[in-house]
Amino acid sequence: MMAIVAARELRDGEVVFVGIGLPNLACNLARRTHAPHLVLIYESGAVGAVPERLPVSIGDPALVTGSLMVCGMADVFQLFLQNGRIEVGFLGGAQVDRFGNINTTVIGPYERPKVRLPGSGGAAEIAIHARRTLIISKLSPRAFPERVDFVTSPGQHVAKVITDKGVLERDETNGEMVLAQLYPGVDASDVKASVGWELSSRPHLDRVDPPSQVDLQLLRDVLDPKRLYLKS
Amino acid sequence: MSMQDAVARFVRDGDTVVIEGFTHLISFAAAHEIIRQRRRDLTLCRLTPDLIYDQMIAAGCARKVVFSWAGNPGVGSLHAFRRAVEGRALEIEEYSHFGMVARFAAGAARLPFWPLRDYAGTDLPRANPRIKAVTCPYTGEALATVPALNPDVTIVHAQRADAQGNTQIWGLLGVQKEAAFASRRVIVVVEELVDESVIRSDPNRTVIPALIVDAVVVEPWGAHPSYAQGYYDRDNDFYVAWEAISREPSKLEDYLDAHVYGVSGRAAYLEKQPGLTGRLAAKAQFCAGVNYGF
Amino acid sequence: MSMQDAVARFVRDGDTVVIEGFTHLISFAAAHEIIRQRRRDLTLCRLTPDLIYDQMIAAGCARKVVFSWAGNPGVGSLHAFRRAVEGRALEIEEYSHFGMVARFAAGAARLPFWPLRDYAGTDLPRANPRIKAVTCPYTGEALATVPALNPDVTIVHAQRADAQGNTQIWGLLGVQKEAAFASRRVIVVVEELVDESVIRSDPNRTVIPALIVDAVVVEPWGAHPSYAQGYYDRDNDFYVAWEAISREPSKLEDYLDAHVYGVSGRAAYLEKQPGLTGRLAAKAQFCAGVNYGF
Amino acid sequence: MMAIVAARELRDGEVVFVGIGLPNLACNLARRTHAPHLVLIYESGAVGAVPERLPVSIGDPALVTGSLMVCGMADVFQLFLQNGRIEVGFLGGAQVDRFGNINTTVIGPYERPKVRLPGSGGAAEIAIHARRTLIISKLSPRAFPERVDFVTSPGQHVAKVITDKGVLERDETNGEMVLAQLYPGVDASDVKASVGWELSSRPHLDRVDPPSQVDLQLLRDVLDPKRLYLKS
């Protein structure tokens, strides 16, 4: 469901900086449905990739074979990202806070971490340079604290947070992430109970349309038949 | 030169060592030889420490790790790395990918720093004081900077090179070129040694010139469980299996005993894993050549 | 798109225009169309103004030239350029090659400046106050800087591209990639339009991606008297002949009347010079392809 | 003769930044005689070029075909030259002065030039980054003034100035270029008369050996049969 909602956020022809997992599924779903001209760029240097199998890593050889361009990483970060050519960037994280800041670095203090997470990778610069960033993350009070323990990626360009129960978006008046859409059968209170701060809501809450048969069939039978990333 | 001789001659205790390759062309063969020769106090630099540095950390080669993303791609954690960091038994210096790429770019250009638009609003400069700023002499704006990275030795795996070390790479390029030019010593490890005429037939594919190379090692399948485009696929099953192996220090020890200390080199490593080459060998999908005539 | 339409739509009076290509792949076809459409007050930037800007200066298109080496390679002077400069009828801004390359690199990376070790002991910074310095935040040393160059439009000649503008170049690369990424608008001119599948078969050869390209013009022999590796040789005889043509303003006028104003486009330009294509067509010397399979 | 003397200055295996004209002739002569492993790098991006014809321009296609590597110019200047990989750089110039400074920019004041010359090209950075620079230039009082009108390339790394009458080299005590070698049949006074300053000499002046038959035959019949650069 998160992949389907994420796919709906992508407009045809956009240049998307893709991560592995659900973002990759969302992009390839969008490419096969309403956005055939989406340009997928992976931080590994593959531009316009058309992976014939679901890439397990950001540097999968299937991203190279048949892509439009392969360039070194200095070009990826300087000529594409810093140059401002990326319209949408996907991010995930162990912690997402009230202002859309993301933590993928440490739980606890940096010098004496409770849990050491992988770190930024390209997440810091994606959050800074992509025009619009979309976060995909499952809801839980621990994952959505008032403030993240460490700001790996600043939240200023976060447009939406796509969760497993609904979608949060930025309230332009105060910059806070607020509840905007609910998935079918989910109640606003479920979402608020899964967030570590006093979550506000849009005056009018949209209902997310249920996934179409086409979307589900594509995801389950074509894009992720082995259920590498799809849980249901 | 054999891998054993190359490591013996060019990798020393206390060195700053780079074995690069972004997912692609990671020289596990070199890492295993460094472990066998029991190098110590190394400062290991890579964007993604990956399984290669997780193994070197577990084997006790590392004093410090300089990195930007320390996970098992698509799987989870690097458990030896996590144990060492969470137990504060390993020094770390942390950047983002762009920051590490910029450090190699500065090193390759022999500039002391590289400017980039990054880190505004992040806690990374607080965690790493080596991330600084410079003021643009034209616009007056502040830009982030990272210091040059100039390793003592860089080891690059590639598809092919000639005997002098003129090296060609295709598929993902990562920062192999920058890391090699930034380094005091360079070891090139290749799937195939080719005649100089092969290199000269397509000079635009050359990424590293012989004049910066100290040793050429021919080591087929030397990048496994990483991959070499056009030669063999990534061993994703092993990356998944590493989760369970690395989670248990004893299992990790067993792995090193069996597949690193317990073998003389890459050939023996492969013999121990029958069916591996058959399972991962690349299908043929050749591009056409281009005309260099005039 | 036709060259006529591409120039009409994307090149405007007063623009900062870059038609790059270091000896190789210089789009004379685009320059001639700009002359025919009588663009004015252009700021023309190139490492080497070469015959292409000498012609544009003579035709009155240029207000200013930004460059690093203004000669006729292997022959002598660019006489239209010299007359204009010595007569102080043309504004110039001068760097060294490295300085110009660095300006394009900064523009392509969207940084306001680029640091380099250069100019110590030279009079260039005195002649060009835009060459400044910055202090390294790590070592305290002073490094030279040049400002970013971000043209309004860059025109790149290349061997081949697909209809969307994914462009592949081999042989000398010059600063074509940097100039294109630095530019607000990009026109790609190619010898051959190829199917997207040709580009996808060898993605490491792609230098310019469609997502930064505004127009693709197919113009065989569009780089003559410059050359295209694998397509045709450089017309050295014409470069030699230019010495006598450009020395005499009247002869230069006659040349422009006959070969620029007097023709509708590149096809007519070639028809006027029978034997030219036969004399310069490239011999076949193809490299072998490589395996992109996995 | 200048090409032959220049060739003798090159040691086998050195990495040389080559210019067009006499430097190119000198390098290819050395490659075919005492220095088969000379690595020739052209600023156009050709590394290890083996031109099958005499290149007329620094970007001749013959420099590309069969070379070991072709890279962009950002790499030429940053990764090779600024990186310190170039041992020898050749320079020429309209003016060379007492301290080896070179002018290829203007005769007369910069703002109101008497003669506008081509400018630096790569000469400024070659003079700064090559370990050893060699100048090839014909003698004349106008070409060898006390001070150049404009310093395009600083002289600090100039090891020798190879002229048509003899060779000047740097006097390490005061940094001045002094007469060190005379060509056969040339008198020291001829050289001094052709230099715009009080030229000093080494206490002992060497005689340059006359060109060997092999050298002359290679130059005239193989390297420059069309006499593009050889005058005699």
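As written, the chain order gives the labels A, B, C and D, with residue 1 at the start of each chain.
One rule holds for everything that comes next: a residue touches a chain if its C-beta (ideal position, glycine included) is under 8 Å from a C-beta of that chain, and two chains touch if they have at least 3 such contacts.
Keep in mind it's a predicted model, so treat the numbers as computed, not measured.
Visitor: Which chains does chain B share as contact partners with chain D?
Guide: Common neighbours, chain B/chain D: C.
Visitor: I want to compare two interfaces, C-D and A-C. Which one has more contacting C-beta pairs?
Guide: Looking at C-D and A-C side by side, C-D shows more C-beta contacts.
Visitor: Give, as an integer number of Å, the spacing between the C-alpha centres of chain C and chain B.
Guide: Roughly 37 Å, centre to centre.
Visitor: Just the number, please: Cα centre separation of chain C and chain D in whole Å.
Guide: One centre to the other, that is 28 Å.
Visitor: Please tell me the distance, in whole Å, between the geometric centres of chain A and chain D computed from their C-alpha atoms.
Guide: Those two chain centres are 58 Å apart.
Visitor: Mind checking the centre-to-centre distance between chain A and chain C? Centres are C-alpha means, answer in whole Å.
Guide: Between these chains, centre-to-centre, one finds 41 Å.
Visitor: Which chain C residues reach two or more other chains?
Guide: Residues 110-111, 116-117, 170-171, 173, 177, 201, 204, 227, 229, 233-234, 282, 285, 292-294 of chain C touch two or more partner chains.
Visitor: Would you mind listing the residues of chain D that make contact with two or more other chains?
Guide: Counting only residues that touch two or more other chains, chain D contributes 46, 61, 64-65, 70-71, 78, 82.
Visitor: Please classify the inter-chain touch graph. Allowed labels: line, ring, star, complete, other.
Guide: Per interface graph, the chains form some other shape.
Visitor: Can you identify all of the chain pairs that touch?
Guide: All chain pairs meeting the touch criterion are A-B, A-C, B-C, B-D, C-D.
Visitor: Which chain B residues qualify as touching chain A in the complex?
Guide: Within the complex, chain B contacts chain A at residues 22-24, 47-48, 67-71, 73-74, 77, 81-82, 85-86, 88, 94-99, 101-102, 104-105, 116-124, 126-127, 170-175, 177-178, 227, 229, 233-234, 236, 239, 282, 285.
Visitor: If you look only at chain A, which of its residues touch chain C in the complex?
Guide: Those in contact with chain C are residues 15, 39, 46-48, 50, 61-62, 64-71, 75, 78-79, 82-85.
Visitor: Across the complex, what residues on chain B touch chain C?
Guide: 110-113, 115-117, 130, 132-139, 141, 143, 145, 147, 159, 170-171, 173, 198, 201-202, 204-205, 227, 229-234, 282-294
Visitor: Taking the complex as given, what residues does chain B use to touch chain D?
Guide: Spelled out, the residues of chain B in touch with chain D are 108-111, 166, 177, 181, 196, 199-201, 203-204, 206, 209-212, 292-294.
Visitor: Residue numbers of chain A touching chain B in their complex, please.
Guide: Per the touch definition, chain A meets chain B at residues 20-21, 43-46, 56-61, 64-65, 70-74, 77-78, 81-82, 101, 105, 110, 112-125, 128-129, 150-154, 156.
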